[in-house]
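Here come two complexes built around chain A, the first alongside chain B, the second alongside chain C.
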Partner chain A sequence: MATIKINGKEITVEDNTLILDAARKAGYEIPTFCYQADLMGIGSCRMCLVEIEGQRKLQPSCITPVLHGMSINTDSSTVASARAGVLEFLLANHALDCPVCDKGGECELQDMVHKYGPRTGRHAEPKFKFHEKDYVLSQVIIKNSNRCVQCMKCVRVCREVVGRNVLGALGRGDHQEPTSFNRTFLDCDMDGNCIEVCPVGCFMRLPYRYKSRPWDLKGADTICPYCATGCRMVIEERDGQLLRARAQLGVGLNSETLCARGRFGCDFVNSAERITKPLIRHQAATWAEALASVKDGFSGKEGKHIGGVAAATLTNEELYLFQKLMRTVFGSPNIDSSSRWNSDAASAFIHAASMNEGGVSIFDCMEADTVLIIGSHISDENPVSEYIVRRISSNRRMNLIIASPRAMKLDSSANVKLRHLPAAEKAVLDAITLVINAGKLSEAEKLKAIKDSKMVDLLTAAGVGVDEITDIAKRLSASQSVAIVAGTEFLRFPDGTSGLALLKDVLKNLGKKVTVMPTLDRCNQRGAWEMGVHPSFGPGYATAEKGMDTEALLEAAMRGEIDALYVVGEDIISDYPDREFARTALSKVRFLVVQDIFMSETAKLAHVILPGASFSEKEGMFTNQEGRAQSIRKLLALPGKAKRDLDIIRAVGELFDGSFGPKNAVLVLDEIRQVNPMYSDVSLLFNNKKNSDNRLDNRAALVKCAAGVLPAAGEFASKAVSSRMEEHSFALVTGSHLFHLGRFSRKSETLLGLIKGATVEICEDDAARLGFVSGEKVKVKGKNHEVLATLKTSTGSKSRVAFIPESFEDAEVNRFFRRGEGVPRVSITRANQ
Partner chain B sequence: MLSDKAKKEIEAALKKYPNKRSAVMDALRIAQHDRGGHLERSDMEDVAAMLEMNPVEVNAAAAFYTMYNIRKPVGKYHVQVCRNISCSLLGAEHIIKYMEKSLNIKTGETTPDNRFTLSTVECLGSCGTAPMMQINDDYFENLTEQKVDEIIKKLV
Partner chain C sequence: MSDKKGGIDILDLIKKVLFTDFVKGLRITLGYNVSKSITHRYPDEEKWIPYRRFRGVHTLNRDEHGRELCVACELCVKACPTSCITVVPMEDDTGRGIADRVAKIWKVNLVRCLYCGYCEDACPTRAVRLGREYELACADFKCTVRNREELLLPQPVPESIEGGLVAKAKFERSLSGIKVTADLSATKKRAW
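== the complex of A and B ==
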């Protein structure tokens, strides 16, 4: 500990604390441009100069650590004149075109000059200009380097947080320009974090250009509606149009970062394709008519012939009320929240990941000695979780192990990257467990155990080498604490969950602290399960009468046994892994009600369509993958006659039971807190202040342990693929694209501008072997379906693996799948062959 | 494109450094020499590929140092006259003007026969022998009008 004096006030801080942090802790403000917690300090802007007694020159407080006994002055006249001097020099070449600058009104340079700056300029020389006109740096960035203050936060965030490293500081001194290689068009993650950290109008949003002034915007602090990372962001509107989404430094677990989907993809709420009035057999109707029709459709039907599917993009309140409606009003246990995987897989995953034991903070996971990421393409699926992993893993000694069939951006931070065959998570985990167990044996026995036939089988099934597995096992054995990050592949290939549970138990028995964090790809998937939108358990994983999941509902519909089906926000036809089966089955449902914001493939078959609300038009709560409950806030008015989903679900309930409720979101939340012990005391309080210490981990929001005990998971058949294949043959895997997730992103103009048509990704070596080049059109042909897609190559992916994202309409990837069949095989040939 | 010779030179230079990216300045020097005095975009891309770096990092390194001429072709002889304090006090201004007159170009220009490029640079660390200049890889020191005439005459 060091005791120092700041402006005469004595304060004790930890050794190596920066003077800047110490001063802020003591309550003194020090202006900065280039300093940002979590980014490497460069001390280049000189705004934070302070006076240290006994030192003749002023020192940059953002890179100078305190020393015991230091006496520091942060607001002497010398410091004040130094600040004014720095600002005068920054303004010497600054364009001063504030009236036409998008940043005007929220510009740090403006604010600082207003507060500390010289009131007059003395520079008579002509200003240096990098260029005359603003130039477009990517589909989302427009750039004016003449406004740059050389803080280089853009370059550092790109390198240290996003991990793309496509921006560089070209030139030196005041002629230094942060830009791309040769100012060429960027091909990057398009997440706009460089725009977010830019203190001035140098990096600007292209979609937001000249749209508004910050003081004309009205904002709401909310949660991103895409993946389950649960990023806090502020969405802002003007004249009823959502104009932008931005992150806030030091607020939410994401701090200043967002990914492309979050920052640029929320404009789907403005889409002209929104459903704005109720439809009965695709004819416009009033709400009274539509609800009367719903009443007719559901009246007199037995619970076992009724089903309900609610998407994992709804709020907890809506999901809770939905399951209550199904279970108590319709007497039906047939409810589910996903059509991509079956409910047993979900149960097994919840069990293996110990989700019933309460929330696990990602920051706790990153404290572990070893972090194993498996079953998740985290870089594309949960980009901001990936930023957190990259940021923390580069700052401390730890093992980062990534097991995935596909290469990913995070590989560059990993100590070990394992490329296994698709659907082989179980084989990989079992092999690791086997080697860890063998570690307890003597040397001779160990060799025997590793060479035994079971091990050979596992290695063949996983398509990995024994050295890679033993390396991972060694690192796990040598660690005191282990965190396993398990992704959605465990839901697609649920046999892996038993491997996950086994490894977890083995490590625990060895006395290690083991945490498992799930990564999920729908914003409220965890909430949906915890609210009981699942056919085998109720809210809080409480035991419930077993019902049918989406798959079983479709099977029953096929047999003509479903009289009425209520689908909220889910597009079963587009998501169920056998499109034709889903379509045929749904067309046999006698009465189909779809509540959605867009005309989905499923809605096209509906008898009654009820227009719902997007995340920006309602209040409620999402639970992210860690189990953090966070509020979403209403910003926009509902389009046309659309209603909030909670009101619609309640209105449907009231058709049959006048007392159905609770009547509003607040009361529903109260009931959730009573019924579901996991949520009894989670705090939904927003801390809207910028945290001076950048503490992002709001533990009060984590859900607690569930009361109910989950039944043990059943057995699942393996869907593993063999590595022996014909020349053009690939194993097809699917998942989220970096720019597109689910259906909403396909209505976002900005995201469609980034990528419109489907891509198929294979590894570079395979492309070279077959003579393909990246960017050419290829034909992907499976047993059941074929599509044309643009070929993309990746370095370091497993050979013989083809990846097609889920969201693209021109490559309906679920057509490749057939019920009961495993991973589809596809062949890839030139488009014109 | 880098010539095979330059590529071999860079490969050889790599051995002097603890990791590949540390060799970036040496590699750029070889690439610039290979091109005949300046760097093109493709040179930086080639260097980046060889050193497993991102092209923008190579670009940033090249743009930081004045000795690399990015996309600015120079003549056969690149005359760089120091104009820092010691040289200025001892008549660098005059030498620069005299060079301009005798080569009949302005600072920053190249003679029409592509023989000479004249530019001014910051301190070259030879203040004891000011005023001075560098032509390609050689220093010329204690300059006077007469000496400048001789040097140019030799090169022409």
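== the complex of A and C ==
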């Protein structure tokens, strides 16, 4: 501890605290440009100069640690004139074209000059200019280097947080221009974090260019509607159009960072394709008519012939009310929240990831000695979670192990990267467990165990070498605490969950602290499960009468046993792994009600379509993958006659039971608190708070442990693929794209501008072997389907693995799949062959 | 009061007898009767052309190359105490404006405006200036909002005329409304 004096006030802080942080703690504001918590300190801008008694020169407080007994002045006249001097120099060559600068009104330089600056400049020479016109760096970024203050935050955020290294500084001194090579982006993630950190109007958003002034915008503090990282952001509108989404420093677990989907993808709510009025057999109708038709369709039907599927993009309140409607009003246990995987997979995953034990903070996970990421392409699926992993893992001594068939950006931070075959998570985890167990044996026994035929089988099934597995096992055995980050592959290939559960138990038995954090790809997937939108448990994972999941509902529909199906926000046809089956089955449902914001493939078959609300038009709560309950806020008015989903679900309930409720989101939340012990303490007040010292881990938002005990999961047949294949054949995997996730992103103009057509990603070596080059059109042919897609190569992926993202309409990836057939094989050939 | 203490004021009495106040008043009346009239025969025959400093309906201006001066910075909007200006910017680098940022929408609600001129002061490019038009009466609310296209039209009274003049005018009434057109070639100085 060090005791120092700041402006005469005595304060005691930890050793090595920066003067800046100490001063802020003591309540003194010091202006900064280049300092940002979480980024490497470079002390380049000199805005934060302070006077230290006994030292002749002023010192930058953002890189100078305190020393015991220091006496510091932060607001003497010397400091004030130094600040004014720094600003005068910054303005010497600054473009100062505020009237046309998009940053005007929220510019840190404007604020600083206003507060500390010289009122006049003395520089008479013509200003130096990098360029005349703003230049476009990428589809989302436009740049004007003449306004740069050389703080290098853009360069640092790109390298240290995003991990892309696209930006660098060209030139020296005040002629130094932070930009990209050739002023074009080669391999940019388009997340716009450089825009967000830039204190001036140098990096600017292209989609927001010349649209507004900050004071015209009305904002709402909300949660990103894409993946389950649950980034907090502010969405802002002008004249009813959502214009931008931005993150805030020190708010939410993401602080100032977002990914491309969150920052640029929210404009889907403006889409002209929104459904704005109720439709009965695709004819416009009034709400009264539509509801009367729903009443007809559901009246007199038996619960077991009724089903309901609600998307994991709805709020907890809506999901809770939905399952209440299905269970109590319709007497039907047939409820599900996803059509991509079956409910047993979900149960097994919840069990293996101990989700019923309450929330797990990602920041806690990153305290572990070893972090194992498996079953998730975290770099594309949960980009901001990946930023957090990168940022923290580069700052402390720890093991980061990544097991995935596909190479990813985070590999560069990993100590061990394991490339296994698709759907082989179980084999990988079992092999690791086997080696860890063998570690307890003597040397001779160990050799024998490893040579054991079971081990050989596992290694072949996983397509990995024994050394890699032993290395991982060694690192795990040597760690006191282990965190396992388990992704959506466990839901696609649920046999892996038993491997996960086993490894978790083995490590626990060895006396280690083990935490498992799930990563999910729908904003409220966890909430959907915890609200009981699942055929075998109710809210808070309480045991419930077993019903049918989406898959079973489709099978029953195929047999003509489904009289009425209520689908909210889910596009079963596009998501179910076997498109043709889903379409035929749904067309056999006698009465199909679809509530959605866009005309989805499923909605096209509906008898009644009810127009719902997007995340920006309602209030409620999402639970992210860690189990943080966070609130979303209403910003926009509903388009046309659309209604909030909660109101629609309640109106449907009231058709059959006049007292169905609760009547509004607040009361529903009260009821959730009562019936779901995990949510008994949830309050939506605390989670919008800004914290000044950059503590991003808001633990109060984490949900608590569930009351009941989850039944252990059953065994699943392995769907692993063998590595023996013909020359052109690949194992096809799918998942989220960095720019596209689910269906909303396909209605976002900006994201469509980034990538429109489907891509198929294979590893570089395979491409070279087959003579393909990145960017060419190839034909991907499976047993059931073929598509044309643009080839993308990746360095370091497992050979013979082809990846087609889920979201693209021109490559309906679920057409390649057939029920019960596991990972499909596809062949890739030149398009014109 | 003290000098009036002695009962009847002699001076007052004399004034009353001689009708002094009456004559004074009458002199002013008669004087105006024979002096030159300063009433404008507006709108039938004459119209007042104000000085340049007059604060009438807004004008949007161009530079010498005909490019719009407004860069849609919205500072006038911010400065306006009655929030009667709406500006929506857009990008246009075809040379329409002096910068690639131009106004997509620029409109002002004239019945909310209090002609304070703050918008003029705020404008960094002197694009908006309060002009010399003051005839705002109309029978329809539509005419209370002026938009960019109208405000960019050349002014009926050119900048070169200093103002402070009375011009011959014609009053026209048509279906589209009433109009007082001044004949700028026939002007006279104000009478005082």
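Heads up, the rule we're going with is that the second predicted complex is superposed on the first by the 824 of 833 C-alpha atoms of A that agree within 3 Å, B and C clash if a C-alpha of one lies under 4 Å from a C-alpha of the other, contacts with A are read in each partner's own complex, and residues count from 1 in each chain.
Following the convention adopted for this analysis, a contact is a pair of C-beta atoms (placed from the backbone, for glycine too) under 8 Å apart; a residue touches a chain by one contact, two chains touch by 3 or more.
Keep in mind that this is a model prediction, so the values were computed, not measured.
With both structures placed on the common chain, the touch criterion links A:K133 to chain C but leaves chain B unconnected. Once the two complexes are overlaid on the shared chain, A:L667 sits clear of chain B and of chain C alike. When the shared chain is aligned, chain C comes close enough to touch A:R209, but chain B does not. By the touch criterion defined above, A:L67 reaches neither chain B nor chain C. By the document's definition of touching, of the two partners only chain C reaches A:V100; chain B does not. In the superposition on chain A, contact of A:C705 is made with neither chain B nor chain C. Set against each other, chain B and chain C differ in how many residues of chain A they touch, and the higher count belongs to C.
When both complexes are overlaid on chain A, the residue A:A80 reaches neither chain B nor chain C. Those residues of chain C that touch chain A in the shared complex are 71-75, 77-78, 88-91, 93, 99-101, 124-125. Those residues of chain B lying in contact with chain A across their complex are 41, 44-45, 54-57, 59-60, 63-64. In the complex of the two chains, the chain A residues touching chain C come out as 97-100, 104, 133-134, 209-213, 215-216, 239. Those residues of chain A lying in contact with chain B across their complex are 165-172, 180-182.
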